[in-house]
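Some structures to go through are shown next.
Common to both upcoming complexes is chain A, partnered first by chain B, then by chain C.
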Partner chain A sequence: MSKTNLTRRGVLRTGAATGAGLALPTIFTSAASAFTNAPGDSEVTLGFNVPQTGPYADEGADELRAYELAVEHLNGGGDGGMLSTFSSKALDGTGILGREVKYVTGDTQTKSDAARASAKSMIEKDGAIMITGGSSSGVAIAVQGLCQEAGVIFMAGLTHSNDTTGKDKKANGFRHFFNAYMSGAALAPVLAQRYGKDRKAYHLTADYTWGWTQEESIVSATEALGWETVNTVKTPLAATDFSSYIAPVLNSGADVLVLNHYGGNMVNSLTNAVQFGLREKQVNGKNFEIVVPLYSRLMARGAGENVKGILGSTNWHWSLQDEGSQAFVRSFGTKYGFPPSQAAHTCYVQTLLYADAVTRAGSFNPCAVAEALEGYEFDGLGNGPTLYRAADHQCFKDVLVVQGKENPQSEFDLLEVVEVTPAEQVTYEPDHPMFDGGNLGECNPGA
Partner chain B sequence: MFGLSKKDTTFLLIVCFLTLATPILLQPFPEGSAGATFNAGYPDLMQRFAIFGIFAIGFNILFGLTGYLSFGHAAFLGVGSYSVVWMYKLLDYNVIPGLLLAIVTSAIFALAIGYVSLRRTGIYFSILTLAFAQMSFNLAYSVLTPLTNGETGLQVYTDDPQILMGENSPTSPHLFGLVMRDSVQIDIGGWLFTFNIGYYFCAVIAILAFYLSLRIFRSPFGMMLRAIKTNQTRLNYTGLNSRPYTLAAFVISGMYAGLAGGLMAAMDPLAGAERMQWTASGEVVLMTILGGAGTLMGPILGAGFIKYFENIFSKINDNMLHQWFGWMPDGMEDALIFISHFFVGKSWHLTLGLLFMLVVIFLPGGLVEGGQRIARWVRGRRKKGSGDDPEHHPKPAPHVAE
Partner chain C sequence: MDAIILQVLNGLDKGSAYALIALGLTLIFGTLGVVNFAHGAIFMLGAFCAVTLQRILSLSYTVVDETRTDFLGNPLKVDVPYVEGWFGEATGQAIIEWSVPLAILFAIPVMLLIGFIMERGLIKHFYKRPHADQILVTFGLAIVLQELIKYFFGANPIPTPAPDAFTGSFDFGAMIGFAENAIIYPYWRMIYFVFALVIIGAVFAFLQFTTFGMVVRAGMADRETVGMLGINIDRKFTIMFGIAAAVAGLAGVMYTPINSPNYHMGMDFLVLSFVVVVVGGMGSLPGAVLAGFMLGILEAFASMNWIKDILPGIDQIIIYLVAIVILLTRPRGLMGRKGVMEE
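Let's look at the complex of A and B:
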């Protein structure tokens, strides 16, 4: 008896659930608004998604500092930083479109899954209208894809892989940071000039997407100048001891070692290479040289003495003398007591660029914002005249070639700028083979 | 009902109720209030509760019943995700083919890994599974990049074949037209409740998974697995070959993990290699132990607990702390913020670690044991004066389903 009772109830329950399930989408469509997370009249929420734990936690902490500074400046606090040097004067320190800027933070853990979970909670729970940050290309690409689906703007933080604005580019994603191709294009002429055109290079490459695009870019840029690539060896990302990879370099006949490593990998591989005495070696009658294509101050600090004289490229450095950079370094230094890293710079600039685009567009609608950013030319943000190219949402600007300083004055003064490579020299066609494949798709305003 | 005893039926119904009412239960604070930060009733997190609940239930079938501690279950999670995303790429965004494939491929993987690993027991078994999982991770991360898209993670591109994709097909995961991402929001006096299709899809599967595990726990097969945990040597001496049983348990729990991984990709169309890393395998072990290994409800509680900390505590930043403690005198405010700094935001791991230690030290049976103790305490107080001598009472063995 009780059995039939319960089954009937079960049938009713299933029926009700199915009915509700079928009814849901209709209710949903009727309540649709113009775009995801349209802000209210007094506040707008931005989502800062940075690695707070894991291998890039240092970069993440610096990014977060920059974001807090940017929010302060947007809301009219502090000394205004780059707002005064920015070529666009749309921002006046009253928030964005008269709304006070609020923010939420999250931890990407430098894992695509965690980063997406964190970004999702910002979008679904906190109503963030824009997501920004990150310190690895894998995360940037994952979050960029998510923002495209959810219908919010993604302003990439530190991501250097060609794929971010190459085969994985998305209409809702924008990158200010430079990329591997640009590193190669900027670095190769300086290498040829310093070390000659008749060199044999040996590559050690971190075995993942960023490493490969980095290696591909450097190989093609240096080979175009007459260098020969002796060998390219992939090293596992988790490796901490590179001795076994360094030893074969000595017998390969190569006279330049290129380390396509980032973060802790680079610190360890460079230290191993120096310990093996590579830098004192003479091969083919030339001094043996080491090159680190992507440099950051935080890495230079980790590698200590070993970086002296080693060439590489970076997006920005705090010792730049232009007005914008100085204004940024001043306000960052006043607030935190030390100069910002390149990660902090790109994140700060991205926030300003977003706010400016919203103001110029007069709307928070992601499609309007994207339109305002596409093909936008600006100046005064530390990298000279810059173009946000419409075809792939990549910024084109000068790239810095730097080298480890011989006599550093402080723990922050580790790199010196050797050359500022003009933007024309690092510009490529949107359908360049290294970037080919994906397409931007349609801008998605969500909801 | 459903071939369960009365007590189990009630238990199952309670679980059903809790699962289906989650969007309401997890939203205890009204929007805009200070406590709103602690609300967890948004789709992504609720989906994670259900998915990791399934993962932990499956893991518990192996670890809780047979005592074999696998450190490689994340491999199946990853395999499941990749299967689903590949089905998106080849067919269309309907989740069903992907989920079926996820279960099948993870079963094949589990069979292969289990066949080798189960030749050893104890720590050797754990290390073998760990090695296999790390191998899968490294394969997915770099070697098999054409298949997995490496570090970047497998995504659907506009130029993928998607042969079943029609003109008006949804462009995100759906179940025969019901789009997973869609939800309906109901605002009741400041409380905002989000009922998400994806969550309910996961919830229904989670209930089925739970029911299945309940049946396994109560079956002769489950009894055999418990016998293996108690004393495998003795079982072997009776002339029984225990390996088919352990292998079956391993494959079943691998399929659960594959299903969970598939659901992750069904909610969010991306499969990343990190899902297979050993930290992910360790996480499910933590979930199970934190909640209570060998109990039915424990792993689900543990999964919810860890996911809550990961997603809610990690998002509390200094700014919020200042808002909360702003009313206090300056010195006190700074001191409190300084202290709480160690427990929220990027330090959420520390809070979780402390809680884990407390649970392991004081409640070796996990959160479930905590619940049982409270229940016993309440019951004990009620029973006082009934004339029973509490000192001379055979201790009731805790019901395995509690």
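Let's look at the complex of A and C:
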């Protein structure tokens, strides 16, 4: 039989100790819960929002592979990939701030409303502290807006429209991928050098935000070098047969066709253009040329033989020989059996950059993370020295001008890098007319 | 003038595809009374017959080439197709290159079988049900087929080029006295058009000049009476469903070099093909063919730049506009018969 010995002092002492003990975590959590989805002590959840169905499902699958690889590396698994080549040494393979990284995935279906719904569900139901993903600028802009309202960080995946970090930029959103302006600035000098300054261009453009900004960018960059723009024709996004748009090109006096198309549009318009024999023609005494300003290896595969010799630009390519790219290709290739796409690269890098920013800031608070990313300079992630500009949350780095390879060695070996355009040449002022009109606003930590 | 000829030519190949799909739709509607929303998916399956045959012909064994390395620095594994091993490199490559024309032979039995299974396995259970049920079940089937194809072949378009002899284009304008480069037309599209005419001709001849065709036509006109004459009309109609599937399938096979096939191509054609059937007149085979070519050509005209400058976006709605006008002025469509879907 036990005997309880209650004294007044004893009760007071225990009470005080219990009170202090109970209050202690509250002191921490009150600071911690000053933002949406503050993680617990053991794990943190990231939300990967990619197209798992719909026309960009293959790109989405590659992005997801890259995210899984990044999580594995952050948690200390695998060979560590780019953690060893990254200029910042804050990440040590013990998760993020000592918490194991978990993830949830959502399906954007490449539709803005579906993408917003899946991002919302990951934030509200799964407690995701950060959302990342992409493959369409329309979707990226919609999800970025949602993350701003919800108070979580959005690390954009593949999105190339100027608007993502232009008129639709948000304080909680960050883009590592390059944009249409940069494609124009990098591509135009190579075009002028290869094809001459006296050229007449005809544009076919996908009729949505990305297509418009890309057309504007390429027109402006090529006209500055002396080219003339004969015509710009908008094609419906749902178009599958471009013959009636391509047939009048030869008769228009143009000697270059610029295809501001992506995905299935690009595959079909390029295939149609080659069928119509454009590349074998002579106009104005010059060889007729076709240009695809935004290249993707996954898409180039769909166009098969037709991409040979065609110039374009890309954010990254697996054949790059720098340490970071090689480390990434090695881990990705060993795990999955084929080299990563540029979409996979940007997604992997964005995840690392987020984790690194949290670690350097010492907090998951979106405002602290944003501050750590703003104006941050880094290297070793495959694109050379890179700056995350504070004014618009856009990364500035070298841009690759690529060409469809004439003699590919394998099914992955479709593009070759013809020039690495230095970052200075593709840098613009934050208030450049093509990016003007938006407001970054204030960082929103949410709850 | 050259621009007009150019757009007529452009309309012909698309019109050929519309006509072939609409022909199959009308056959099924006319014989079985079923509105088949899975017909676009059958067109897509046909295209993937070409992809499958290309894959089968390209089946390879792996040879390790020690002199070259892959992207990870390991010795390069080179895939050598079995046909190259069996018939020599040149013949093997030629066989793979001709996979699209060869796929016609492959697709006919496959598509007949698919049509047969579809009709016996699913659609026959819906003959007595309202049209709304038929539309729902066939549309559901289309989605299932589409997702299956995506699961096995991925979401991206798969290049299936025409044989080298038929790639490129010819200067049609120069042949008929216009300036050089005014009217350029790819060889394969011309072949597609001729192919479509042959298939359409064959279907009409089959219905017109064979006993089987006669019974089917009689059944289309009055199913009950033909049944009372002791003819198993159901069996005949099952075969017609198979034929309709084969027609759409062949349209798909031959379409692959024009646009790389993807899982969604059937849906892209389906809605337009229905408009074609309605404009042509429900149940009228010549109407379906006529409307197919007509709408294909109109669509090509509507995407001419100067027309789009006057009426922006007209290229996307022209077909529906025409459908509205035709239905208002001729409610039965161009060549529709009295009494079809009018009870």
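FYI, the second predicted complex is superposed on the first by the 414 of 447 C-alpha atoms of A that agree within 3 Å, B and C clash if a C-alpha of one lies under 4 Å from a C-alpha of the other, contacts with A are read in each partner's own complex, and residues count from 1 in each chain.
We adopt the following convention: a residue touches a chain if its C-beta (ideal position, glycine included) is under 8 Å from a C-beta of that chain, and two chains touch if they have at least 3 such contacts.
Here the structure is a predicted model, which means the values were calculated and not measured.
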Between chain B and chain C, whom does A:284 touch in the aligned arrangement: first, second, both, or neither? neither
Looking at the overlay, does A:276 come into contact with chain B only (first), chain C only (second), both, or neither? second
Touch check for A:267: first (chain B), second (chain C), both, or neither? second
Check whether A:112 is in contact with chain B, with chain C, with both or with neither, and answer first, second, both or neither. first
Which partner chains sit in contact with A:339 here, chain B, chain C, both or neither? Use first/second/both/neither. second
First (chain B), second (chain C), both or neither: which does A:236 touch? both
Per the contact definition in the header, classify A:87: touching chain B only (first), chain C only (second), both, or neither. neither
Looking at A:57 after the superposition, I want to know if it touches chain B, chain C, both of them or none. Which is it: first, second, both, neither? both
Taking the stated contact definition, name every residue in chain A that is touched by chain B in one complex and by chain C in the other, in rising order. 53, 57, 236
Give every residue of chain A touching chain C within the complex, in rising order. 53-58, 231, 233, 236, 238, 240-241, 243-245, 247-248, 250-251, 264, 267-268, 271-272, 275-277, 280-281, 283, 298-299, 301-306, 318-319, 329-330, 333-334, 339, 409-410, 412-413
So in the complex, which bits of chain B are touching chain A? 1, 9, 20, 39, 42-45, 48, 138, 141-142, 145, 150-153, 155, 157-159, 172, 177-179, 181-185, 194-195, 197, 200, 204, 264, 268-270, 272, 274-275, 277, 310-311, 314-315, 317, 319, 345-346, 348-349
Write out the stretch or stretches of chain A touching chain B in their complex. 3, 6-7, 10, 17, 21-22, 24-25, 27-28, 31, 52-53, 57, 103-107, 111-114, 116-118, 120-121, 124-125, 137-138, 141-142, 145-146, 149-150, 161, 163, 167-168, 207-210, 234, 236-237, 438-439, 441
List of chain C residues in touch with chain A within their complex: 2-3, 6-7, 9-11, 13-14, 68, 70-72, 76, 150, 154-159, 161, 167-169, 181-182, 184-186, 188-189, 257-260, 262, 264-265, 268, 299-300, 303-305, 308, 315-316
